[in-house]
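Chains: A, B, C, D, E and F, in written order; residue numbering restarts at 1 for each.
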Amino acid sequence: MIQGKKMLVVSAHAADYVWRSGGTIAKYIKNGADVHVVVLSFGVRGESNDLWKQEGATADSVKEARKKETMEAAAILGIQDIEFWDLPDYPMAPALTPEVQERLIRKIREVRPDIILTHDKNGEDVLNPDHNAVSQFVFECSIQSNSNGVRIEGTQTTKQMRLYGFEPHQTELSKFTPGSFIDITEAYEQKVAAMKCFKAQGHLIEYYTERAFLRGNHIRRISGNQTYKYAECFSNFFPTAGEELY
Amino acid sequence: MIQGKKMLVVSAHAADYVWRSGGTIAKYIKNGADVHVVVLSFGVRGESNDLWKQEGATADSVKEARKKETMEAAAILGIQDIEFWDLPDYPMAPALTPEVQERLIRKIREVRPDIILTHDKNGEDVLNPDHNAVSQFVFECSIQSNSNGVRIEGTQTTKQMRLYGFEPHQTELSKFTPGSFIDITEAYEQKVAAMKCFKAQGHLIEYYTERAFLRGNHIRRISGNQTYKYAECFSNFFPTAGEELY
Amino acid sequence: MIQGKKMLVVSAHAADYVWRSGGTIAKYIKNGADVHVVVLSFGVRGESNDLWKQEGATADSVKEARKKETMEAAAILGIQDIEFWDLPDYPMAPALTPEVQERLIRKIREVRPDIILTHDKNGEDVLNPDHNAVSQFVFECSIQSNSNGVRIEGTQTTKQMRLYGFEPHQTELSKFTPGSFIDITEAYEQKVAAMKCFKAQGHLIEYYTERAFLRGNHIRRISGNQTYKYAECFSNFFPTAGEELY
Amino acid sequence: MIQGKKMLVVSAHAADYVWRSGGTIAKYIKNGADVHVVVLSFGVRGESNDLWKQEGATADSVKEARKKETMEAAAILGIQDIEFWDLPDYPMAPALTPEVQERLIRKIREVRPDIILTHDKNGEDVLNPDHNAVSQFVFECSIQSNSNGVRIEGTQTTKQMRLYGFEPHQTELSKFTPGSFIDITEAYEQKVAAMKCFKAQGHLIEYYTERAFLRGNHIRRISGNQTYKYAECFSNFFPTAGEELY
Amino acid sequence: MIQGKKMLVVSAHAADYVWRSGGTIAKYIKNGADVHVVVLSFGVRGESNDLWKQEGATADSVKEARKKETMEAAAILGIQDIEFWDLPDYPMAPALTPEVQERLIRKIREVRPDIILTHDKNGEDVLNPDHNAVSQFVFECSIQSNSNGVRIEGTQTTKQMRLYGFEPHQTELSKFTPGSFIDITEAYEQKVAAMKCFKAQGHLIEYYTERAFLRGNHIRRISGNQTYKYAECFSNFFPTAGEELY
Amino acid sequence: MIQGKKMLVVSAHAADYVWRSGGTIAKYIKNGADVHVVVLSFGVRGESNDLWKQEGATADSVKEARKKETMEAAAILGIQDIEFWDLPDYPMAPALTPEVQERLIRKIREVRPDIILTHDKNGEDVLNPDHNAVSQFVFECSIQSNSNGVRIEGTQTTKQMRLYGFEPHQTELSKFTPGSFIDITEAYEQKVAAMKCFKAQGHLIEYYTERAFLRGNHIRRISGNQTYKYAECFSNFFPTAGEELY
């Protein structure tokens, strides 16, 4: 039952949440979930290679371009709450201070998510240390958010939510273990449209389009359900825990 | 939705399915699932240490005792279809011939299960080679059952079902990775009653009773649901694959 | 230096070598290598789902279709020595007898390969037990082939060759660890043409075409060489061992 | 307390127990342990490369040479009970029949060992499949030996003994995890003398001499005991379990 | 020989050492070991959920309650040297400064322990990042303590001691590998009494009581010693290294 | 083709690069490569145990001795560009500041290496936390160096180079996975001579001399090339990626 679910997505850079979970986000929104996105940085240093190739690019011009693109993409996916925290990146770890930590705990306690999507923690992104730092950071904030003793004025302790990790760019090199395949067929067109907002990154659009197709093959094979065409994949931070075997 | 689900349980020895999945089986039956059990051996050589300590025990007397006990337990759990294939055990591997393989494929195609429960395949039971042999065997049969080219008269190819592995006796020594915790609170009393049928194994009854309590602690912690009291745990042969994140 | 290299490819079923190493084979042949292929089975039971859907299909008709297709594919790749050993499959393990073992050792000693390509051994094909059985089998034959004490009339001991494992169909589920990415750009058209010989398996043609594209992205990223467009990936049975760091 | 300990060593080939545990065996005997050795094969096919290079070598001549050498080595180590079961090797797996299994269970029940030394089971010998087969075989026999239900006339069930695995030839390639380092300083000269019995294998003598030196460095570093000069290393099949932390 | 052994226990929060090593500590003291405990924090933020539920709880009231409870528990276990360093927790990592590092090195060099017990380092506590931070911290301090070049006035370099890791709360989710099972039967009553000092945490008392029972089953099974009733389990930071196989 | 290759070696302490890659460095230089070395610290606190045993040793005297020794060693290996950054060690992590990070990125962009050699990242040095910190640090700098958005005046973005990890001192305890064996026979004498510069560390000279011999055994076995006598071993940060199978 997606209807009524609350989801918080924490993205290290401006486009991560689109490439890796855009289909799931759009599907959840379409089916009545309440989705919130925090974008920690614009990825000016680490994920804007193509923009920097443009004549006269500056940190500011790159940031503006990234912001414009990601806001368009968010609108296409149907996201209504998106925040840009504008942290530095490459490296991002030094920017994840106690203050930013408290800010994220506060956000978690406000959203009170059933589900948090962020970067993978089971493996290790082989080519992007920021992703690893963010994964560990979000995880620690979620733990603290659930603890009665972590007192932040105006907030209330959460109960344990579920966390899932994005599939990284180089899946097999990053020791990523698939935990959940999600059919995104109904949201596929939206995802493709959202990806196309990142004009300078044509090769990634094709890459993630084809990955959705391959994951579609996998989800059909594993589920036996032949109506699934496209899928996204996530790692599970925890085992499933509930009323039945899923 | 448990209602209407079809489940096949394949147990290496006469009591494995009770210790390790008795609560889940009872819960599934109670909620309208259709559960079938295949017991490959009576565990005369490998899992009847206490019965052999009785004066004058013979292979036949041990087998009779095991059969009587497990049938009582099955009745308490509400199982209506249980088969005893009476294979030798310790070691069981040599008995898993092509004929037995075809027999199990046939059974799978008759039951057409949504779910197969059997011994764990992700890790390795550190003290029971039979469990490892059975796990691999059931897995291979399920693969063949799904293949159009495996022609067995009077049967029809199945589509991919889900497989889950029992938690072994020495969890941590057997590299077992929990994939699914299932709340068995409503079926707990039944499981305890079923376990008590194995009179000669009092220490195991206490052991698995306490394990259900510990797993209850874990499922509450992971799910945030405080109404869960007792749980069983399984490994997942495959990632979840479906409409949403569970 | 591909020129003059001798390569032996051992394929469990009729099309495995095409999907998973067709580009590498064609490239090696084009550049002067001497490539030999052994196809252990036609995959009648395990890898011919679509052929069995045809009205009136029999084991013989399926086998004929598979053979015709794979011979066409082999011709397109430029393979001149291909043998069909026509073993049963699904399961194949029981067919890998001491006689077949001796036959393969003899073949290895005749070809005297620098390189053996076969199914992956580092991980475990999560959905195809035949692939795992063949991998272990080929590995053991290679070890015996290198041993002076394994006396087979008319043959001569080989020295240690290099072994590489095919990327399986469900890479991430099969614990596959990429060891070597090979640029197949110059042989890509040949591979696509060869794949198209397997008419009943259109979905696989698309699947492996897109995988070559994704692997192309990876090889560019890892090597820094932007001229690579398409790639295949293999696991390494052994570390590299030689004159320099590759 | 070595005094009074009973040890059973099961060696796949004629020299394995010398290269990999000769120092530990000699030390145990010297300190009052009761050591029994079973040599499953003479290693005629798999571990006699150098003997086969001799003019006119035959299976019989090689076997004789191996037997003579290993008996001399055993005598130097102080071994009084050594049995040669003369199984074929390369491959050995097919020879490990139910009959051989019963024979080894019987042997275990006769010796009633506190300790079994055999090939490693935690990792996988990357270049010697026989070693892996023997490890699994010995392990299964030990499990059966401990089971009341495994009835073999004239024998009595054992209680759980401890099992340790030999360090393989290519440690790092074989995923070997060191569990126990044993100081063999007092038995080092004996081990070197015993190794020298295998005249045709000079390179191995030097290899295992130097390994004892490197392991000596490791045991000093880990234990802080600077009197240790030479060591052997084993994997642990089980955690330690007893009165204190070792 | 426990008599005369020196042990240092480093606990992240006020009760960790009781739940996870209380039996071993009490047993070691009873048998003549010299045990010292450092409690890094009172766990006010991270491990006092139940105390915060009390009306009018403040950081100070929680801290006082925790301190009183843990001192009672320590007295029951027979601990004579216990220090409270009163660091902040949740997160603790930022508090593990160079000054605290030097303080711990100094402590290690004063105690000169044969054994250090602290949080597990082989796996990763899945729900408590503080535990992971402390494990790494203690490990690094021990390494530095052993190094001649780390000059701290009034102290003297130690030699390599042995380190063991606590079993975490969610063993199986935390990739914990058991290295040592310790029989705590003779100290079990003391441990239960000590746990009962933490009045607000009744569910944990039951949890760790039952875990001691399960570990008792395991230690009997692995050691073959039927007199063991209750046990604690630790990971080994290093292989055993000494005179014999334990 | 070593000729013309550019290599950057980053060594945590003054002698690491000699023990672990001295043969490879000398060989590369001899064959026309351009090799640059950065030594981050003199290892005064962590790797000068023997020097501190000398009467009257001070931090300055130890540093001078280390510097003199390592410069002699570098000269013997033929290194012309070596820099000493004189960071503190034990622990080194706090010294790896953003400024040092920028300094290393600048160095990488100046050298523009095809190959970076540094400490291993796949495993974890079990006894030297500095090595782990440096490995992660160098890796992150290499990633940033390749990113267009990381703007450092006077430098130009690099393209992806290859990274290899040193074999640590306790290979098997450090989860080191060999990726590449390099024949160093032609440079062996130079390596031995260079090692002998570290006069106070006689035991290490013998240790690494014997390790080169053992690795020689391995490289012959794996490559089948009997002319190799001595070797060094490295882990691969990435799979090979190129024109053929190496």
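Here is the rule we go by: contacts are C-beta pairs under 8 Å (C-beta built on N, C-alpha and C of every residue); 3 or more make two chains touch, one makes a residue touch a chain.
Molecules present, by chain and UniProt name: A, B, C, D, E, F = LmbE family protein.
Quantities reported herein were computed from a predicted structural model and do not represent experimental measurements.
Listed by label, the chains that touch subunit B (LmbE family protein) and also subunit D (LmbE family protein) are C, E. As for how the two copies subunit A (LmbE family protein) and subunit F (LmbE family protein) face one another, under half of their interface residue numbers coincide. Between the two copies, subunit B (LmbE family protein) and subunit F (LmbE family protein), the Cα superposition rotates by 180°, quoted to the nearest 5. The chain pair C-F and the chain pair B-E differ in C-beta contact count, and the higher one is C-F.
Centre to centre, using the average C-alpha position, subunit E (LmbE family protein) and subunit F (LmbE family protein) are separated by 37 Å.
Contact of a single residue of subunit A (LmbE family protein) with at least two other chains is seen at positions 127, 173, 178, 218, 221-222, 233, 238-239. Pairs of chains meeting the touch criterion are A-B, A-C, A-E, A-F, B-C, B-D, B-E, C-D, C-F, D-E, D-F, E-F.
Interface residues of subunit A (LmbE family protein), counted against subunit C (LmbE family protein) in their complex, comprise 127, 170-173, 176-178, 203, 206-207, 210-211, 213-214, 217-218, 221-222, 233. Those residues of subunit F (LmbE family protein) lying in contact with subunit C (LmbE family protein) across their complex are 1-2, 24, 28, 115, 159-162, 164, 178-183, 218-219, 221-225, 231, 233-234, 238-246. Across the interface of their complex, subunit D (LmbE family protein) is touched by residues 43-49, 52-53, 59, 62, 90-91, 94, 126-129, 173 of subunit B (LmbE family protein).
Subunit A (LmbE family protein) makes touch with subunit E (LmbE family protein) in their complex at residues 98, 101, 136, 139-140, 143-144, 147-151, 238-239.
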